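Read from first to last, the chains carry the letters A, B, C and D; within each, the first residue is number 1.
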Amino acid sequence: MDKIKVGIINVTGYAGVELARLLHQHPEVELASVTGRSAAGQSLSEVFPHLAGIDLTIKTKLGDVGLVFSAMPHKESAVEIIPLLEKGIKVVDISADFRLKDGSEYQRWYGFSHPAPQLLAQAVYGLPELHRAKIASAQLVANPGCYPTGAILALAPAVKAKLVVPDIIVDSKSGVSGAGRTLSLTTHYSEANEDVSAYALEGHRHLPEITQELKLLNPELPPAVTFVPHLIPMTRGILTTAYAPLASGKKGIEEIRKLYLDFYKDEPFVRVADSPPHTKQTWGSNLCLVYPTVDQRTGKLVVISAIDNLVKGAAGQAIQNMNLMLGLPEETGLEAPAIYP
Amino acid sequence: MDKIKVGIINVTGYAGVELARLLHQHPEVELASVTGRSAAGQSLSEVFPHLAGIDLTIKTKLGDVGLVFSAMPHKESAVEIIPLLEKGIKVVDISADFRLKDGSEYQRWYGFSHPAPQLLAQAVYGLPELHRAKIASAQLVANPGCYPTGAILALAPAVKAKLVVPDIIVDSKSGVSGAGRTLSLTTHYSEANEDVSAYALEGHRHLPEITQELKLLNPELPPAVTFVPHLIPMTRGILTTAYAPLASGKKGIEEIRKLYLDFYKDEPFVRVADSPPHTKQTWGSNLCLVYPTVDQRTGKLVVISAIDNLVKGAAGQAIQNMNLMLGLPEETGLEAPAIYP
Amino acid sequence: MDKIKVGIINVTGYAGVELARLLHQHPEVELASVTGRSAAGQSLSEVFPHLAGIDLTIKTKLGDVGLVFSAMPHKESAVEIIPLLEKGIKVVDISADFRLKDGSEYQRWYGFSHPAPQLLAQAVYGLPELHRAKIASAQLVANPGCYPTGAILALAPAVKAKLVVPDIIVDSKSGVSGAGRTLSLTTHYSEANEDVSAYALEGHRHLPEITQELKLLNPELPPAVTFVPHLIPMTRGILTTAYAPLASGKKGIEEIRKLYLDFYKDEPFVRVADSPPHTKQTWGSNLCLVYPTVDQRTGKLVVISAIDNLVKGAAGQAIQNMNLMLGLPEETGLEAPAIYP
Amino acid sequence: MDKIKVGIINVTGYAGVELARLLHQHPEVELASVTGRSAAGQSLSEVFPHLAGIDLTIKTKLGDVGLVFSAMPHKESAVEIIPLLEKGIKVVDISADFRLKDGSEYQRWYGFSHPAPQLLAQAVYGLPELHRAKIASAQLVANPGCYPTGAILALAPAVKAKLVVPDIIVDSKSGVSGAGRTLSLTTHYSEANEDVSAYALEGHRHLPEITQELKLLNPELPPAVTFVPHLIPMTRGILTTAYAPLASGKKGIEEIRKLYLDFYKDEPFVRVADSPPHTKQTWGSNLCLVYPTVDQRTGKLVVISAIDNLVKGAAGQAIQNMNLMLGLPEETGLEAPAIYP
């Protein structure tokens, strides 16, 4: 049987090129077309020598494919996607353009008026651990942000079980590749190396995603989330430390671990870790490690999660979504363990 | 006038060798004697080539000096210090052995029975911003831990002013030098590089210091502190992000900034920053940068602090304490700006 | 058909654990047994959480397998291997114990008397690009050192074609994982980070391998090689810069590139690069990138090569050798592109 | 007595801001004026928070000062400097514009026609170890490039003593700050981190400086130098490994060390190291460490040098030159030891 042809819009960012790497190894689909404005006309391997095995030219227009990944920046992504949807093509959008259900949030957080708010209801938030069935039948999947992936997977079991008062602190530490391939002083080597800083203290764009999804898990108790992201001198990885007060009368640590183990027992890409996880343990893989514990002195649930921001936080999760949309086994093409050290 | 002679017990750890570097440049004291078990008999510059300008041999016993810094590990430090105190020598203890007022805490947190609990009342906790006057007249100063320095300076103005409900999260990110010069798999380059992890989730030894000092600032409202330290792939620096609910009816961000500016207005080594601080901005210097802000959505105070863990978090603060104890201007020998980039 | 069972002696070092990662993904063999002294009795995934997908216990003795990788330290490796050879088991030795043909070199470079010098003639130096046919029929393959792999592949075409006077400088830059998982001050994070240094200036143990193999390529003109390795603050990768005077009357850069392209035209794991290679372009892959050029001012050939020291420089090459020894396609299990960025 | 006022043209690059840091601590001069196009109108501490102790506004035009440092890019620097020289102001030029004695080299290496070739003879190459007396009486000093500083200091004693055949390989490893503060993909964190590469293989602009100065040391035997710079994942530091064949009949390693020790015996900022130097041992200091040795197998002299590229390789050396030009003790303001670890 012929492989299903897939394409990538804007392959030249870090999420796009990571998609290309992973799709190249995927046994059931064929990466048939890639676009990119800056490098159009060049071969993919010229721009990205590590992909020398892939024989594709970067074009300005996508060829004929059955499923498209859009790795465009927000706002521009929607513009590219809408005509594809009209043609019946399946789409996984890596951008934020279809993640939020409330269209007015786009003005507030992204500063633009959404061009197709009617599509927001139809789009499925592509976190398979929460929305697997809907993803399987969706035409448009909004791939979660990197921070929300780590934060929601850390908190979902506790919030759903009403284990915590939803007064939540999410403190995340991200490698620099999360800021993308576009140049900036913040991501200039000599500035980012040997440095740690917090940013987006006035409110990060990933916050409404986190609250939207946690609210769905416990609609009666809408969560208050304080989210502070930090930039860490490493290339890949997000470690998230989430804090929330345990609801009164609540549980010991063994019960909580059991709750997490049950919640994720059938998940191929979430593992409840036996010891505090390291981002290095997920390097290059689609795994999310989750470690719940309790500060007995203060009655706080503390949950740590670790992901590779470019894999489970972007390209890998996009392929996990594609597998579901195409009826393929969810792990296909994503089985490689992390590379250590 | 002759310079005052000072000595360092256990110069061969990172705090000890950083003390030697800073004391070498100090215009009013002379580093006259250094000890170290592992390297005894070798010249200081043989073990630490960057200190080639210092002509000292590492001995097993301290020479005749007027003030001693102990950079011994905890438990062993007290043993070295007690006879010095009996001889009337002034001591700055970099270890934890005299930081806690309640002697029983040593059994709980450090696993040993304190050899001289009667000295705990006499020892002064060496955070000059809180205990300047007492330090000036003390014979024994307990130099604060690196994490407590960043955490307490971040929170002191808010806790003292009862600005917050003392239900506090302290999430700290430390460079690897904080773990010392003793070898371990955790600090092996290939393990620590390109990795972030949380540790000491069952309770870090620096927690009782933080709570002790915050409680002194607001004795009616003893704080509940959840403290989670993280290891970051860089050599120096601690960034602390502290979270606490604002007390009801409380203040806007400008008022809070003013409160912090007032609290630290005469402090030579604390600066209330205009933007979220970077640890790089303190690299090699004795400065602590503090940045208070508010998450308006959730009513949380968020304060970021940045220090160099080996300077304001150890050796620099020890010299600041020494200056106070010897009646010297507090900044002496500590004026060098951070090295950037 | 049943998969061929293979085993790893001493899985707990970086080469051993990388072998486990790669073998786990290999479609034609089954990693059936692993040993390790320090961690015996523990499950592999307990010691190495990134290998949670592999269900194996670390034993003290190897089970029944058809081919063994030894990742023991030198001298001890030979002791383990000799009885296996007597039983007819195929062996790939990652250690240096069978790399040198002249047994007396072991006393000189490694300080021990070789326990089975008669086996040295039978062992094949496992650089497939030079000894493919012999490897295919060998019982014992000596996997090359990481530095020799990069250096020999950089120089082989030029030395074989007598393009250069064999008065060679090899200046190599290695990531820290090359120094292994055993703790040392040199590989302590705070010492190795933000630092570069040269080492082994009195002569590195990999030098006799390099000269042995280059001499085989041009026996009339035994090469004089000055080899200086450097430690670089990164985890993986070796960049080698090799310099040699062009033989008189010799060639332009295009001719030289053509010679290299011809030499490596059928090699699955050597690519003659179009621009100076980056170690990052080989991260996690079995590729060696080679870039020959000429300093026209001085008549020197300059060749740069880049490898991942743990893959093409150790575990990946070992599997490439295994594939040849077992009659499998050489690329099997090694097709994954490098991970970037 | 009033301090001498000095100014910096283009303070906003890494060399400029490092000059500001060092001049701020200089006891004999006052940093009175700084310019910068991009940040004109802002206070220095706004752009560079680590310099909060300096109260200066970045201007577009320099104020009234007695000595000027130009940290402008090449070509533009000459344009700024020429009018200053006409006014009798002393100048230390950090750019390359007055380093080369042969004006035609500027067309060849820098692609512009020198605007004032008549000044090239008058300008003094500011390597104090070679040209101290001339620097002391110069109006215009051309501060050496970072690579030439390390390379020339590594080779000068050997070349001057005709110890080597001047067929020289210079293999240098530089931290990323050497590439400046201007953004580029090469210096983007995620590209430069965990990577090593060679660059400028067609010829680096610092090569003519190296050959010019080595030729002056031994005019009968003009050197042939192959120079290959490499980019290393760290912020500061250059390690240079230089190779040259020993002249026949030449010397043992002890004799060579003695020759180096004699050559540098009165130098405050060059130390002949007892063991292979680490760039970390020079971090933040004006020191150059030099380590000569011999590869006995091949008869090659191998010399390693280590500097901090922004201090001895730029701003520190500029101040060393200024001290000489102003008749101040050469070490003034430059005594701080390196910061380790």
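FYI, contacts are C-beta pairs under 8 Å (C-beta built on N, C-alpha and C of every residue); 3 or more make two chains touch, one makes a residue touch a chain.
Everything numeric in this text was worked out from a predicted model, so none of it was measured.
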Any chain that touches chain D and chain A: B, C
Selected pair, greater C-beta contact count between A-C and B-C: A-C
Of all other chains, the one whose Cα centre sits farthest from chain A: D
Geometric centre distance via CA averages, chain D-chain C, whole Å: 38
Chain B-chain C separation of Cα centroids, rounded to whole Å: 46
Chain centre separation (chain A, chain C; CA means) in Å: 36
Junction residues of chain C - those touching two or more other chains: 14, 175, 177, 181, 190-191, 193-194, 233-236, 277-278, 280, 283, 341
Complex interface listing, chain A residues touching chain D: 14, 175-177, 181, 183-185, 187-194, 233-235
Touching residues on chain D, where the partner in the complex is chain B: 14, 17, 21, 24-25, 46, 48-54, 177, 181, 193-194, 235-236, 271, 273-275, 277-278, 280-285, 289, 335-341
Interface residues, chain C side, partner chain D - complex: 167, 169, 171, 173, 175, 190-191, 193-199, 201-203, 224-226, 228, 230, 232-237, 239, 241, 243, 245, 276-280, 283, 293, 295, 297-298, 300, 302, 304, 306, 341
